[in-house]
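Here come two complexes built around chain A, the first alongside chain B, the second alongside chain C.
On to the complex of A and B.
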């Protein structure tokens, strides 16, 4: 440093820039090294494997190449098509129900003045508890013979249902579990958004004679748009990757009625040891996630112009 | 009159919240009630809502099947180290991306950001291959190392560091501080709050991690808590043993609930900050 002070300013600046570049590189290097090994390499390798026939046991590099065969064959696999349809239904249901329910809960949490911390706690509990543990509990709740849900239906004079044992209802059951688990998290995000809206807006609207409904649609909803965008995108990305409740509660059954892509990829890879086919399905899943995310971004942006 | 309608609104809100809140809490209530039942009560028709004589011994007997000490230890070691790794890498990389100018910075940032969209299913087959090649299956390293960098953490810390004024760094440089000292003595203390939020988020997320441990761990002794609970299904496969599944679940859930209730404020802060 002392040496630098005697040099002309031009050189000093250059030296400093040089040292900055080095510092930036050093600070970034751990992240970059891990990114290269644990993100970039696997991503490329999955695409590579999707064109190979590999059973995990033999050397991966010598696995015979099959070109695009896996990408063609998966569409002839009824189980894959079924899983794809189920994934779409599941994602759609999550997008359709999660944000409005979360916003409703957030609104109530924002308005209530009696023990607000208690209500917040209640809705947030499922978010921080073990998914496996709660999946086991839900499995019991949905049990058609011994579970409390059917008992409650009977008490209300309704017909008991098959829930997780019924091919028509297994996916619905899992959607219920996912909503139960996710609402609190997204409600907290909406709550932060609601608290960020200045009170003046509402007061001005009240003076202008706007009712509660108009205030909601003309002030609250538009001002929450950035929050909503985040919630919608996250809900979709997470729904595409749902795994734990599906694995624990139904394991895709009965007869694949609740099989989703994530679960089927896992089974194809680690139960059937068909790494090539699993990789091809993973690539398809990736493309879907990107497409849906881009679509959502566009949709929100277009609505901005109104 | 106005006061009256305000009370009415609060009362209505409490009723609504009470109803939905009960639905949210019901699985927990059911878990606790069932964990105290006898096998006969579990499969009783019509249903037995509240156990006649609470079977506290369920909570002792479960230990012979579920090595809870070991499971908790594995989960704590894994989650703490992952969280620590995420904090270190995110803090440094976020700082570098926010406060140094170099060619390709924006591109690098956008690239890192876009990896947030990559589903884990696109990575986990080669990841397993790598871990196997490194000899890390059934080890803490296999559970921890692939997880210690997240695009999300780097993004969060970069956003946070962008708010730190450049003058602060300039002043330190004029005083002759090295870049390493600037990071350690100025940036790191300023990052504390954001790091706490990120840490909480990462901890909650990885504490519940299931898919990756399911892939890399095959030995019971290396099971994390979620894996241990999952294996409980094989030990108690009969319907009448559902009480023991509920007992195991309760023992896995209750400690984390206590921690959460004690730290609720910080959790909520962490979540809203990370959003």
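On to the complex of A and C.
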């Protein structure tokens, strides 16, 4: 008892720290195990498989090694190059349109005072709707022969369009679907950001004679920078990984006009049974996502001096 | 005390996390694995699981028909697992990875090279092999064989024929289906209607977005023009021939004349969709299609199905007779099945005549769906039905000269590649000559790999 009382405080602190660390580790263990099994292992396996000729049917470990052959092959595959270009166009369109539209919706949701929960729910519904069910509905909406969209155009005296069956419009159609589905989610994030800006800044700006536009560009936008960074990064990552609407609505067609990397990787792996090549494409996609995310982070950091 | 509680809570979370992961791992639910479900000795309970792509109605009809097997073999239970056609091969690969899955796979013969090469399915044992060889036509046996091995019981034959709407033909003053490409082009134009520049009725329909739906009909035109897709030994493409150029030129002419509108050819992941709706609703006058869609047409069109008629593939300028294309399906046994002998026994029972001169249960079931059975005794037993049914008769007659879609490795990628090049012409993005040159080069590369 006496000994315990005379224990130096430094030792006691260290012991407490160690036990806290152990507890923290134990708390984190389920998540770490989950992360290792479902994120780290697949990533390592993908890199491993990209150097193998595996058809998914036999044992993966017995698949013959082909070195970097798949990485060379994919650049000679016109369909991969087309899918890569389509993916970039899609990502750029999402980055260009999603954040401003989401911010606009968030601003409206922030301003509206009549049953605000209803409007938030309305914009958030597409986010929680089944992606497959939603894609089937959009396929019907865009159908050139029976779709209500063309009926509406005809009713307005406009020329009906080919939409998902037109190689020039199929990607545009899918961008529209993605915007419709994604705006609600990002608007809610922006809404949280908007509500986190203290009113004091706006009051001070009003006293200084600033108008609504100046307030938006000099208070709202700069203070939303952390939110915008998150939105931009998430929009880009989600766009790079786009799959379901592309698979259900157009299956990449017509003539690969809406084929994106996620879909082509899936087809190569599970339709063409070429897991090695698909894995090489997946590694390229992974690198692209990392590069674009790092670029966005740096781009935002460089503009910290507001 | 506080620390102890902290540790206990953390340990509980860890245990819960681990056990949660385990319980979530079994995706299939319900049926136990083949190995665990039973032994193979007589009298021990056996559950035979069949993996296929049938719809619910056909599955129920099948289970009713095979109930008799349970009467004779009380220890055997037959279960059917169905997935959409597009997911069937994926399910088989997933089963392989887990080392389990169904005992019997109902598979498309184009998958034979991959499934047999990876030893996912087993060759028929000698006793069943001789049964198959003696009961089916040579070309059918050949379509379920690869590298000299027979891999299962052939089930159905699917061929292609020209389907047309008699009512639309009558309205256009056309008395008979086209027999050659000049007539096809002429009739297709006469059967096309436009309103305000928009096609409201197309003369000849094509399918877009579904590889086989695009490729197979075009190959029937190529073959009916004296051409071939691949050489006899399957080692080279024959797409760089005048016959192939003429066949793709036909598509170009149909599109340029407005008689074919590719935008009306959308298909979905279930291989149905607007291309089918357009034919059912009388917005497409002619289309080359497989016999399996008869059941769907009947169900959707009701009384209007009597407007539907079938005709041989129109013959091209370089051809001498209609040469259609067929593919077949087979029941194969999974290499992972622990009850292969029971499975072969069941398949033999299912495909054997129920009595002298009678059809097999499989034959009856196929005929009920409007599908041509491949067993000779089934065709004989249903001869009257096959010949009396004008829709089916065309398909049956065409089978005599029809060629099987090549059973080669990478068939799916080859089909998808050719699909892309045909669609390029249908959308006027490439000339037939350029599309064929590119297709020939791309496919040759795939064959050579």
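Criterion: the second predicted complex is superposed on the first by the 268 of 306 C-alpha atoms of A that agree within 3 Å, B and C clash if a C-alpha of one lies under 4 Å from a C-alpha of the other, contacts with A are read in each partner's own complex, and residues count from 1 in each chain.
Note that in this section a contact is a pair of C-beta atoms (placed from the backbone, for glycine too) under 8 Å apart; a residue touches a chain by one contact, two chains touch by 3 or more.
In this text the structure is predicted, and so the values were computed from the model without any measurement.
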| item | value |
| --- | --- |
| Residues of chain A touched, compared between chain B and chain C (which is higher) | B |
| Partner chain(s) touched by A:250 [first = chain B, second = chain C, both, neither] | second |
| Which of chain B and chain C A:184 touches, first, second, both or neither | first |
| Partner chain in contact with A:21 - chain B first, chain C second, else both or neither | first |
| First (chain B), second (chain C), both or neither touched by A:138 | first |
| Touched partner set for A:230, first chain B, second chain C, both or neither | first |
| Touching partner for A:270 - first (chain B), second (chain C), both, neither | both |
| Which of chain B and chain C A:164 touches, first, second, both or neither | second |
| Contacts of A:146 with chain B and chain C, given as first, second, both or neither | both |
| Partner chain(s) touched by A:37 [first = chain B, second = chain C, both, neither] | both |
| Contacts on chain A seen with chain B and repeated with chain C across the two complexes | 19, 23, 27, 30-31, 34, 37, 56, 143, 145-146, 247-248, 270 |
| Chain C contact footprint on chain A (complex, rising order) | 19, 22-23, 26-27, 29-31, 33-34, 37, 55-58, 79, 139, 143-146, 159-160, 162, 164-167, 247-248, 250-251, 253-256, 267, 270-274 |
| Residue ranges of chain B touching chain A (in the complex, touch as defined) | 9-10, 13-14, 16-17, 20-21, 23-28, 30-31, 34, 42-47, 49, 88-90, 92-93, 95-97, 100-102, 108, 112, 115, 117-130, 145-146, 148-149, 154, 173, 176, 179-180, 183, 204, 207-208, 210-211, 214-215, 225-226, 229-230, 232-233, 239, 242, 245-246, 248-250, 252-253, 256-257, 260-261, 264, 267-268, 271-272, 275 |
| In the complex with chain B, residue positions of chain A that touch it | 1, 16, 19-21, 23-25, 27-28, 30-32, 34-35, 37-39, 41-43, 45-46, 49, 56, 60, 105, 108-109, 111-114, 117, 119-134, 136-138, 140-141, 143, 145-146, 148, 151, 180, 183-185, 188-189, 191-192, 227, 230, 237, 240-241, 243-244, 247-248, 261-262, 265-266, 269-270, 275, 278-279, 282-283, 285-286, 289-290, 293 |
| Residues of chain C that touch chain A when the two form their complex | 3, 6-7, 10-11, 13-14, 16-18, 20-21, 89-90, 93, 96-97, 114-115, 117-120, 197-198, 208-210, 262-266, 268-269, 274, 277-278, 283, 410, 412-413, 416, 420, 423-424, 427, 429 |
